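You will see two complexes here that share chain A, one where it goes with chain B and one where it goes with chain C.
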Partner chain A sequence: MGAALKQTDAGGQQMPRRKFLAWLSGVGLVGSTVAALFSTYFFMKPRATYGQPNRFRIGRPEDFPYGARVAIDSKRVCIVRDGGKIAAISTTCTHLGCIVAPSETGFQCPCHGSQFDVDGNVTGGPAPKPLAWFQVSLTPSGELEVDKDSEIQTGTYLNV
Partner chain B sequence: MRLALAVLSLVLLILAGVVIYGQFQSHWQDSQKEYLNQALAMAKTPAEKASLEGRDPKLEQNIVASFKDAHGGTIVDRCESCHIAVDDPRFDKGNEPVRTHPYLAQLGDVQKNGRWERKHKFSEFGCTTCHDGQGHGLEKADAHGEDDAWPYPLLGFTVQSNWDKSIALHVQGKDYLQANCARCHTDKDFPGTPLVTRGRELFFKTGCFGCHRIQGLSSGTIGPDLTQIGKERKVDYLWGHIVDPRAYTPTSVMPKFKLSDDDRKALVIFLKSRQGTTLAESPMEAFKLDTSTIAPVPESAAAVAATVSANLSTSARGEQLVNGYACLSCHKLGDHDGGISPDLTYEGLIRDHDWLVSHFRTPRSRIPDSNMPAFGLPENDYGDMAAFLLTRTTSPPAMSPADTYKTLCARCHGDKGDGKGVNAIYIDPAPRDLTLAEFMANKPHDRFINSIKNGVPGTSMPPWGKVLTDDQVNGVFSYVWATYVKEKPRELKPRKVPDVNPVAMSQQSVDRGETIFQARCIGCHGKKADGHGPNSPDISPRPRNLRNFAFMNSASDHRLFESINYGVEGTAMPSWLDYGLQQNDVGDIVNYIRSMNKAAK
Partner chain C sequence: MSKEKNSMVKALVDLPKNVWMSIFRNPLPSSDRGRAATSFSNFFLHIQPVRVSRQALRPTYTMGLGLISFFLFVILMVTGILLMFYYVPSTTQAYDRMLDLRSSVAFGIILRNMHRWAAHAMVAVVFLHMCRVFLTGAYKPPREFNWLIGVTLFILTLFSSFTGYLLPWDQLAFWAITVGTSIAAYAPFIGKSVKFLLLGDATVGQEALLRFYVLHVVVLPTILTMFVAIHFWRIRKDGGLAKPEESAPVPVPVSVEIEQAVPVVASAAVVAAESAPRRFTIQGLVRGPFVKVGKLEEDTVFSWPNLLIAELVVLLITIIGVMAVSIFFNAPLEHPVNVMHPPNPAKAPWYFLGLQEQVSYSAFWGGVGVPGIELLLLALVPYIDRGKAGVGRWFARERVWANALFLTFVLINVVLIVIGTFFRGANWSFVSPF
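Our next item is the complex of A and B:
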């Protein structure tokens, strides 16, 4: 076969075929390398980690009386009920991540004295940003579900 | 060459593509897409629609914070990645896996304002806490534990490929979930787990507690400890092992109990619920439990007492104990036959009070190789049981010798007289094979008549002379001879055998006897002289256990000398005079055997 190739090389007619084959090999190898790199990169980030899930249920609307401000420390979220409206406000301080506690004026951070109003806006202390609001939805089974993966505009309530 | 390279590189590209595509296309994503599509169609408000449209399939997992799994690990359940609709009541008619988990009042779920509310919330309990299965798995076979290697297949729903087909049918059904309810609901009569309660009752009623220990419940030592059996075995093993212990463990001494399928199921569920520490206990509580049972106070005694009415005469109380507890799951009494252990119908004629009570206390004090466990019941229960058995003093009605054999002898010696009666495998020493003419014809008749009339100490052969008249005994013997031995008694050669051991008992003699015994006899009789030498499994009848003190002490020097000097015809015991032993050597061996049995007493 080598001899045959050499002959055709001399003829000069088969060069495009050679080039085509080289090109094809190149595409195959580069393509699979890219695919491998892509998948390696993708799978570096785990699809699930051993943390508490970010979407969780907190109970039924009737569990929260009007005007309630219930902090769930294990989930780092405070459920606020204002009349027929419900919202979930993060209780993670935007300064250094301590758990803030609801107070009469809003929220207070025990670590460095940051203060927030009832809507989580900063009113004092080192906190750089207001507390996040998370999406609350009503599941078909009638329970409230908080999704900490989706932050929403401050002051957006769910009507129940 | 270049062509090959080009083709190879393309193949590589396609392979990489297929592998990566496969990684992104999982079954759980399909179920979630199906769920999202259907939910979108059901959505009523625009807001709901918008939130559903914004949702991508995502791995769902529950990390259970309240308690640990059976091995102390964190429970991570990803079941809801496929079973995405478990908490969505609209999917109660959906197809698995997109289907609502049923709301059941039995589980404590309640209806409030027309909506069901779960008592055991999935976010608190996870899924595998009740169902078993592998919470991490994302493929059906992995998650449900269908792979042989997974230790906890989905309880009651999964049949693994290596499970015996005949068993597989029996271990299916949601009833098996009760085993996991009982991991937290440990109360004795918890209404939600009737099968666990029934299983616990059977554990005592069929006598399991006599052999098996369960921490805090029983203290038997003959069989394996079952405290954690539910963690160690799958349900198919438990079922199969109860049906036929030797199919799973060839050396098992556990009898095949006569149980109905329902009872077996209850026992399997009860056993599956035994997981050592329950989920409700902290390790500290488990530790306390462990030390508190060093001196066992078996619940068995209380369980037994609870079934017996007070204010009864001793024998009536004994009757309740014998009937209600353990005894009749093995023994025969009147019409009831457990098929495992000797007939108690004529016990009052055969045994006396002392024999019975000491046998209850330690069965091996009377029959050294008995498989009966020491049940550890209170002493006055033993007295009452003995009092009841001693009322069984009615002899059987006069029968023809053939019928007598059938009624009294066949259970052990077999209908064919070959020593393979229904309960023969549980009896050690084994019942004599009456068809073995070589043995039968070479022994004097007196010896057989004597064995029938007075029984054989240290074995399960009872003294029938106390039940039958001499004529009946002779009749049965003639029947056996004519039906099974079928040979004329041979003329016995006169043998030179001393009546009393001529070698005086002394430590030197015992030592010499031990040396000879360990050199010549252990192949069959074993190093410990217990009849379990390396050759013993191949020998029938089995070599004698020379530490059966009850038997050995009843055997005369004359008999021992005859057996050793001349061998025993029809058995593997050879004539040791032919093998070079002298009379003095035999005397030393006899002294050695006697010395062991004195100590054993």
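Our next item is the complex of A and C:
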């Protein structure tokens, strides 16, 4: 029996099957590792998040007097009123995400010293982009609504 | 009957000895063979060689920096596990738990201090250990890959300390996560996904705290422990610490007589290369530049007790140092998180202030590009510098250019840290500390 097995080994009859099995287990192992890694990635990536809503109301236009620059830090926006026009400028620094504070010359970031003018354009520091402007609209009830999901061009105001 | 009684008495009388022998296999060593056997047959001692070169024991050669790093890691594990009993990774509870540790938990304050200061020390000592290895040329073949593992350990140490100082959920924590994950988002292609995976949410909050907690207490320590084990194992396999050329291993016949009935454990340690009845354990048959069995270097001493005492002294110094600092200085705890107001200036711990100084010029280059290139060059050091001269000596003349280049790199980073620490004020504007 043993001798017979040995002979077939030497004759090359058994080897293709062994090779095939080894190859099959190798592919299976690599394949399941890749599959496991992908599933781990999808497991770690949440499907639903529970952060703050990106659309929110901020009050009536009358609440913001002419020339006001009111930072709503909890929402990370600054409401700017220029005459009859209103806009919402992001106060999240485009550099590394700190909250910029309104200053006389515009906005300043405490973390790495980025500076912006009153329209949010970069005037100094490491910030790579101007501060984002968000869509502001007037709801039927006469309230202002900011939508942080829709960025608009710098200098686009809502006339109220 | 009386025979049985006698054997019972004998078993009782011999009980302590039998228990000792069953655990340690050898009596306390009094001869060279005993010292060899003790080192060889003890799980904890077998990590070390039976004999160790005098050069490796010289405090001025290694300054014990690698060992101090390891002991600091052990202190961090012990204090960290204890702190876990009182910590809750919740945005509403974490900060209060810190206050509890400081006020109402017995020894809570000293454990927290030890954990924080040991972490700071580990960052510094691991870096200094890397400097020692570079300046003595100890990364040369066959130790190239162990240098690479060392660089990995350095990065893991930095990640561990970063994920650690987020857990108190104070102002430093919140703004450090904000800035740190924003830096990650600048990485090409994968940056945004990495940020989202780390935060587990669109904004920094509970999910982020939980994720950093799991990374800090399970994932990173596990990986670190594995790499430390490989690092140690390779020291042995690469022939111990790097030695100068003139004292490189010279096989010399050993004048220890071997009887026929030597137990295997002892024979592997002391078997002579050329002595008459050749008895090899499996290690003796392995070929390669790393085999040290059967060869003894001239300038060596037994690890028991020489190396052991040196290690215990280093352990003692490390514990005393961490304890002393922890008794006199409290670990920093900033105000509770205020998601609306970053502190001004918002400064990272000292070891990241060089990085913070860099990102204040450019987020991508300062936070991703330059550190990435630096780490890559650091990792490739042994594969770039292929010269063989100047191993095992501090500031070897043959390595003057390599050392100068490395020290320049160190100096630049130290200067950046000094600027970030002392010369930056509100809004990260330049201020004079004087």
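FYI, the second predicted complex is superposed on the first by the 112 of 160 C-alpha atoms of A that agree within 3 Å, B and C clash if a C-alpha of one lies under 4 Å from a C-alpha of the other, contacts with A are read in each partner's own complex, and residues count from 1 in each chain.
Following the convention adopted for this analysis, a residue touches a chain if its C-beta (ideal position, glycine included) is under 8 Å from a C-beta of that chain, and two chains touch if they have at least 3 such contacts.
For clarity, every value in this text was computed on a predicted model and none was experimentally measured.
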Return first, second, both or neither, reflecting whether A:52 touches chain B, chain C, both chains, or no partner chain.
-> both
A:141 contacts which: chain B (first), chain C (second), both, neither?
-> first
Give one of first, second, both or neither to describe whether A:25 is in contact with chain B, with chain C, with both, or with none.
-> first
Chain B versus chain C as contact partner of A:74, first or second or both or neither | both
Decide which partner touches more residues of chain A, taking chain B and chain C as the two options.
-> B
Counting only touches as set out at the top, which of chain B and chain C does A:99 meet: first, second, both, neither?
-> second
Touching A:126, do we find chain B (first), chain C (second), both, or neither?
-> second
Which of chain B and chain C A:112 touches, first, second, both or neither = second
Answer with first, second, both or neither: which of chain B and chain C does A:38 touch in the superposed model?
-> first
So which bits of chain A does chain B touch that chain C touches too?
-> 50-52, 74
In their complex, what parts of chain C are in touch with chain A?
-> 175, 178-179, 181-183, 193, 196-197, 200-203, 205, 207, 339-346, 356, 359-364, 366-367, 426-429
Interface with chain B, chain A side, in the complex: residues 1, 18, 21-22, 24-29, 31-32, 35-36, 38-39, 43, 47-48, 50-53, 56-57, 60, 62, 74, 135, 137, 139-143, 150
So in the complex, which bits of chain A are touching chain C?
-> 41, 44-46, 49-52, 73-74, 95-99, 108-113, 125-126, 128
Of all residues in chain B, which touch chain A in the complex?
-> 1-3, 5-6, 8-13, 15-17, 19-20, 23, 39, 47-48, 51, 54, 59-63, 65, 74, 76, 78, 87-90, 112-113, 115-117, 121, 123
